[in-house]
Amino acid sequence: MNENFEPKIAAFVCTWCTYTGADLAGTSRLKYEPNVRVLRLPCTGRIDFSLVIKAFENGADGVLISGCHPNDCHYNAGNFHARRRFAIFRKLLEFTGIDPNRVQFSWVSAAEGAKWRDVVNAVTDEIRKLGPFNEYQKLIHDSFPFRHEDSGAEEISEKEQVENVK
Amino acid sequence: MSNDIRQIAHALLSEGKVSSVIGYAEGSLKGRVQTLIAHTAREAEKFIFNENCVNNLAVYLTKSYGLINKDKPAAVFLKPCDIKSVTALIQEHQLRREDVFIIGLSCQGVKNGNVMAGKCMGCSIHNPQYYDAIVGETVEEKEPGISDPFAKVKEIENMTTQERWDFWMEQFDKCIRCYACRQACPLCYCEECIVDKTQPRWIESSSHPIGNLSWHLIRAFHLAGRCTGCGECDRACHQNIPLSLLNMKMGKEIFELYGYRPGMDTEAKPPLTEFKMEDSEEFIR
Amino acid sequence: MQLKLDNNVSQFAEEIESLSGLKVYDCYQCGKCSAGCPVGQFTEESPTRLIRLIQLNQKEAVLNSRTPYLCATCSTCSERCPMNIDVAKIMETVRILASREHVKSPVKEVAAFSGAFLDSVKSNGRLFEFGMTISFNLRNLTPLKDAMLGPVMLQKGKLALWPRSIKNKERIKRIFEKSSYFEPRAESTGKKEH
Amino acid sequence: MAYGYYPGCSLHSTAKEYGMSLMAVCRKLSIELNEVEDWNCCGATPAHTTKEELGIALAYSNLLNASRQGLEEVLAPCAACYNRLKTAKYALNHSELLQKRMDEITGGKVEHEVKVFNILEFFRDIYGQDNLKAAILKPLAGLNVACYYGCLLVRPSKVVNFDDPEDPQSMDELIRLLGGTSVNWSCKTECCGGSHAIPETDIVLELGKRIFSSAQSAGAKMIAVACPLCQANLDMRQHQINEKYKTDFKMPVVYITQLMGLALGISPVELGLNSHFVSTGELVKQF
Amino acid sequence: MARIGVFVCHCGENIGRTVDCPEVSRRAALLRDVFYSVDYKYMCSDPGQNMIKDAIREHGLTGVVVASCSPLMHEKTFRRAVTEAGMNPFLCEIANIREHCSWVHEDRKAATDKALDLIRIMVEKVKHNVALESIRIPVTKKALVIGGGIAGIQAALDIADGGKEVILVEKSPSIGGHMAQLSETFPTLDCSQCILTPKMVSANTHKNIKLYTYSEVEKVSGYIGNFQVTIRKKARYIDESVCTGCGICQEKCPVKKIPSEFNEGLGMRKAIYVPFPQAVPNKPVIDREHCTKFINGKCGACEKLCGPKAIRFDQTDSFITEDIGAIVVATGYDLYTIDKKTDNTLKGYGEYGYGKYPDVVSGLQFERLVSASGPTYGELKRPSDGKTPETIVFIQCVGSRDAAKGVSYCSKICCMYTAKHTMLYKHKVHNGKAFVFYMDIRAGGKNYDEFVRRAIEEDGAVYLRGRVSKISQEDGKLVVMGADTLSGAQVEIKADMVVLATAIAAQPDIVPLAQKLGVGYDQYHFLSEAHPKLRPVETNSAGIFLAGACQAPKDIPEAVAQASAAASKVLGLFSSLELEREPYVAKVNENTCSGCEFCLMACPYNAIERREIKNRRGEVIKTVSYVNEGKCQGCGTCVSICRSKSIDLMGFTDEQVYSQINAMFV
């Protein structure tokens, strides 16, 4: 583990509670770690476990899933379904040797700007402690020998354009 | 016993009660059996049942084999454990109850190769519970051959995270993505498997580490709360990847968390399609 | 009267809860227990008030109250409590706790009676009313109480003069020695029954 | 028919007529009662208000003896004993920890469940009302009885789980079955202060007065009980009540088994009806 | 080939301070498929919006990403803008670089990098966006109101006055509900029927209201704006079109001794009856349980004597189906049963002897006893012997706030109506004394506490704080054993009559109806509102609203207020020709769907139905799932449940999300 390593964290959140709560954190000018990239979905019910796998395949060191507290779901039950899905999925990850702490789950309501800050900081901190997801990175490397680790996306060489478009 | 089997198959076909009878027949190799799908009473003479009949014939009831949805039901010989698969198929609307005629076989356990099959060692139901007809006298119910069917699962659970990772990476590394596991599984009936989906492609199709890991994770999860533990995936895998361990683990967790056992009730709601307010959420911040 | 309260206000209530397995703070002071208490007119603190005092950490006042000793253990209160609190059990708990902490019973007759009763049982395995009544009256320093009843009862053959002991007295001795004040309770006490 | 029988201390002394009448009735109905061997006192109120475990243990050790004797159904005519035995069973069913303790304390374990019945349950559910009806020789015609259940038969209802704790009916049914009339009154389950019979006389006098006046105003000629404590209290203290409150109650307090006996044609003496404080002459005359 | 435009907003200093906007826009221009990128001080300003419009026209952009504040702020603004430039609004996405970036980070470099990431993610998404059309649902401008109590009547009248058609369904023979049973109402003591009757009449005569009494909702299908409702019209055995309501039948009917529901069993009615004089409609109904004609074929007096020949013994239940746009549920409440349950679950208030002592009555029974239209014509006589009670005891919280024998909640209205009862009592029995046992006095509301004080100060009601343990009967008196916890004493009152303020309970038969409607309910079977604070009259089923005590215990003012609120919701819904909804709904790929129906089981809205795929010969080849756009709210639960990815959610499709993830870290 290394303290000055900056983890890459993908966050999948629901529009109605967590995304709005994160907006509130902003309007309240709360400060938190910049490591999280938020992807907005209507509901945690929409968050398929394969999104998590995809995130790891794309180099995420950790994943955060967040939605409405039980009984607050805008769609009544989406979060309940998600809760079961990820309770089981975590067990699968654990069983296959992936530290379940790399997939974090939280309830953050539209009123909990401060909680969003705390969650982001805590998760970033925890993933930082776990260190880079080297095991998965290695798989990626072995699978895609041609994919450059940090091609800054912009300034893409013609070759890669072709690579990626096909 | 084989006599009763032929009789009932013969009767069903000659009386035109069923469109076909799916059962076991002597295989070309000694000690091996093959699947026989009889459409005429004459063919029924070939049916047998013995300790080598390890395979789960329920898979032939999936739509792709085209044996169901006829004007008459298809009859099938099933061991008590195989019946669970049929229950699941009915529960998941892949099979109408009236489209199948279940001939239950009492079973003392069967062999995989020349050793008793793993699923039989943990088995505690030896007589059919859900059937249209039953052949063979009921055998006495006995405790599982082994104390703990989950022993191997627990062994892995007790490894360190790193050890587990290494263990599975070694296993998955062997995978050549032939999808025999999918083919053999009665519950892998999707008309288009997610792995064949290209827009977008969720699972890398080539058998490199990333693709293999994703495939086996997704396969295991898609069977969570559904797998009835017939073990056909294990048998089908020429690379000897212990696939059923993943399914067993899922089954274990589902039962511990939600008290659900697959293949028991055609009316039950699959555990991942429902929820309870009081479901555990210790892992949620 | 003035109550001095601090952050330990729920200490005593918690003690009672863990000893009895009941939920003291479920009581919202409706007074139904007091309303139906057969000995209500003979007590200073009503059950309602006693529970209130427990909620407010007034251990001394509670352990010295006469109410738990005058309680006839008729369970009318428990039967009718809208919050399913076994009030009679709270009375019992207070009484036992008091004797465990050697608080002198404010109702000496009751204490004396219990003592005499249990002595009789301890030594004979069964109750020996005549001897018991006498020993109670001695303990209670009212040798002649109910004296007029005695002879009548004898004549009606209702008081046996000689104790009919049981065979296996060891068993009783053992019970008296080994029994502790409260039954063991797991951490998560006070499961309410509906 | 043979059943286990736990007399408890009173039925051999203060409530001897309860014991006598019960025996007489059983003889008449050829019911065989096997006394629990070497039974001990249930502990009554003093035990469980002194030490929680003592109260349970004393009762438990009787269940233990019963089970060792192979008794599965035990009749406990004394309401107090009945209540203690039921309480012990209830407590043990709800706590494994307690069960362990009891095994330590009594040094034994109940092998099989021992069902405990009070007198009313026994004749209603075990012996059967029809059988009883068939055996009646002298119906209790014109007898106005106030059925008094007291506390311990019906409370706490979740423990004894026997009859409606507010308006029980089983004794009234029995009286009607015997050809008598059960009056509708409101003190059926009021407490008589039994456990204070000796120490706190004032209380029992007050409570007793309430019960008598209620029974009287309901037109009852006598009170039927199934509890030695209630009987002793109400019977022994009646004249004290009359003295203290300047009342004039002359209300026999009889055991339900004594009334059964009369209906079955058993002689009053055999039923111990002569050993009451308040004369039962009026009643006896009719039989 | 996609041509994406990126528009980076400084939001004055708000974004610009921490995010290097020009730098971000410069680097965004280098992203694949980005053909235009610019930064500007205020993108939401007119000049800003014009920049977007112009760019779309000049560069023929196929998608737009605005990097600015939260989409919840200005997504609509910018989508409107692109529409004006001829682009489909759903081809415009927002990258939130303010709330999620500039405002929450301090390190300029980190913030700038993150801003670019967020833009890249949205660029990748918008590349896979497709033009969508908002869903338009036609609205049937006819409302169904279930329940003809005060709430239902009010809602019906408001909607009808709003010029829309209303179907009002009431299960009993007359509308009016519980309010019709009340004598006077708090906190003003005006006569209940004086204020209610006119409303009942106009509900019956209003040209926009179709009234179905003695009828129940049998079946509900469809969705907001498009419900189909089947109503069962129970047989009255009367031809209402012919009956003149003269009442001769009721007069001559020989079967007299049937406890009247309207009088809470305190009065009697006939086998053919109009529940009460002011009933609407004023048409009788035959109670076939008790009617001699139905029992043994004899009698038929009513038939013989009916002038207009309106009696129809052969009548059967009939069914009416109506197209409905919105539904108001106003089914009201019932009283908690005080007496011991028959199933012998040692519950019920045996200790109060209700049902055993005739002079122990419920609050509603007391209303009937003091009501001018009641069995005693408003003279207070106790049921047992008709004597006027000189001492009366009121007991509050009977069943309420009682976890052991009743319900844990507070029934809310008892404190007030008990105070009212003491006044009504005092006004009728001047020398009488009223005692009230209470636990707390809950009199929040305009002029409510004043009202209770009046009962105590002017009408001399004696309030005692404590529950009653037991009521017994001695020498013709009811002995009330209570407590006054304020003095710490036991209280014994010898009363002539006792009134129990019994808990408000949900309608016993509400659950099946709730399930027909797809409306949630709580553990006590009160119906659930969509949001306890912000959507109190809506339910989670779009187009279905709540009014009155079916949601929770309510008094008349509250019930009426909620009814009007529900009505205005309905009128609001009806004010538009069509409903417009964001097109974020699930779609099924019928080619790959294998019909396992997991989605169908998981959908929180029952929006997924079965559809049979037939071949040319009309034979069913397979059954697949089908999403009802009207019902689908777009949560996407089905998408995650589908193993073969045969369901997708418009606006958040697999492809969009997938490419977003791919673009997250590079």
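Think of it as A, B, C, D and E in the order they're written, each chain with its own count starting at 1.
Going forward, a residue touches a chain if its C-beta (ideal position, glycine included) is under 8 Å from a C-beta of that chain, and two chains touch if they have at least 3 such contacts.
A quick note: this is a predicted structure, and the numbers were derived from the prediction, not measured.
Colleague: Going by the contact rule set out at the top, which chains touch both chain C and chain D?
Modeller: Chains in contact with chain C as well as chain D: E.
Colleague: Chains touching chain B and chain D alike, please list them.
Modeller: E
Colleague: Which chain has its C-alpha centre farthest away from the C-alpha centre of chain D?
Modeller: Measuring from the centre of chain D, the most distant chain centre belongs to A.
Colleague: Check A-E against D-E and say which one is joined by more contacting C-beta pairs.
Modeller: Between A-E and D-E, the larger count of C-beta pairs in contact belongs to A-E.
Colleague: At what distance in angstrom does the C-alpha mean of chain E lie from that of chain D?
Modeller: So the centroids are 55 Å from each other.
Colleague: How many angstrom between the C-alpha centroids of chain C and chain B?
Modeller: Result: the chain centres lie 64 Å from each other.
Colleague: Roughly how many whole angstrom separate the Cα centroids of chain A and chain B?
Modeller: 35
Colleague: On a C-alpha centroid basis, what's the spacing between chain C and chain E, in Å?
Modeller: 52
Colleague: Among all residues of chain A, which ones touch two or more of the remaining chains?
Modeller: 49, 54, 77, 81, 85
Colleague: Where in chain C do residues touch two or more of the other chains?
Modeller: 41, 76
Colleague: Going through chain D residue by residue, note those that touch at least 2 other chains and give them in order.
Modeller: Each of 157, 165 in chain D touches at least two other chains.
Colleague: Identify every two-chain combination in which the chains touch.
Modeller: Touching chain pairs, listed by label, are A-B, A-E, B-E, C-D, C-E, D-E.
Colleague: Taking the touch rule as given, give the residues of chain C at its contact with chain D in the complex, in rising order.
Modeller: Going by the criterion above, the answer is residues 38-39, 41-42, 70, 72-76, 78-79, 86, 88, 92-93, 95-96, 99, 107, 109-110, 112-114, 117-118, 121, 125-127, 129, 133, 136, 140, 145-146, 149, 152-153, 156-160, 164, 166-168, 171-172, 174-176, 178-186, 193.
Colleague: Enumerate the contact residues on chain E facing chain B in the complex.
Modeller: 591-598, 601-602, 622-623, 641, 643-646, 654-655, 658-659
Colleague: Can you name the residues of chain B that touch chain A in the complex?
Modeller: These residues of chain B touch chain A: 156-157, 159, 161-169, 194, 202, 204, 208-211, 213-214, 216-218, 220-221, 224-225, 246, 249-250, 253-254, 257-258, 271-273, 275, 277, 279-281, 283-285.
Colleague: Quick one: which bits of chain E touch chain C in the complex? Just the residue numbers, please.
Modeller: Residues in contact with chain C: 351, 397, 401-406, 439, 465-470, 481-485, 488-491.
Colleague: Residue numbers of chain D touching chain E in their complex, please.
Modeller: Residues of chain D touching chain E: 157, 161, 164-167, 186-187, 213-214, 217.
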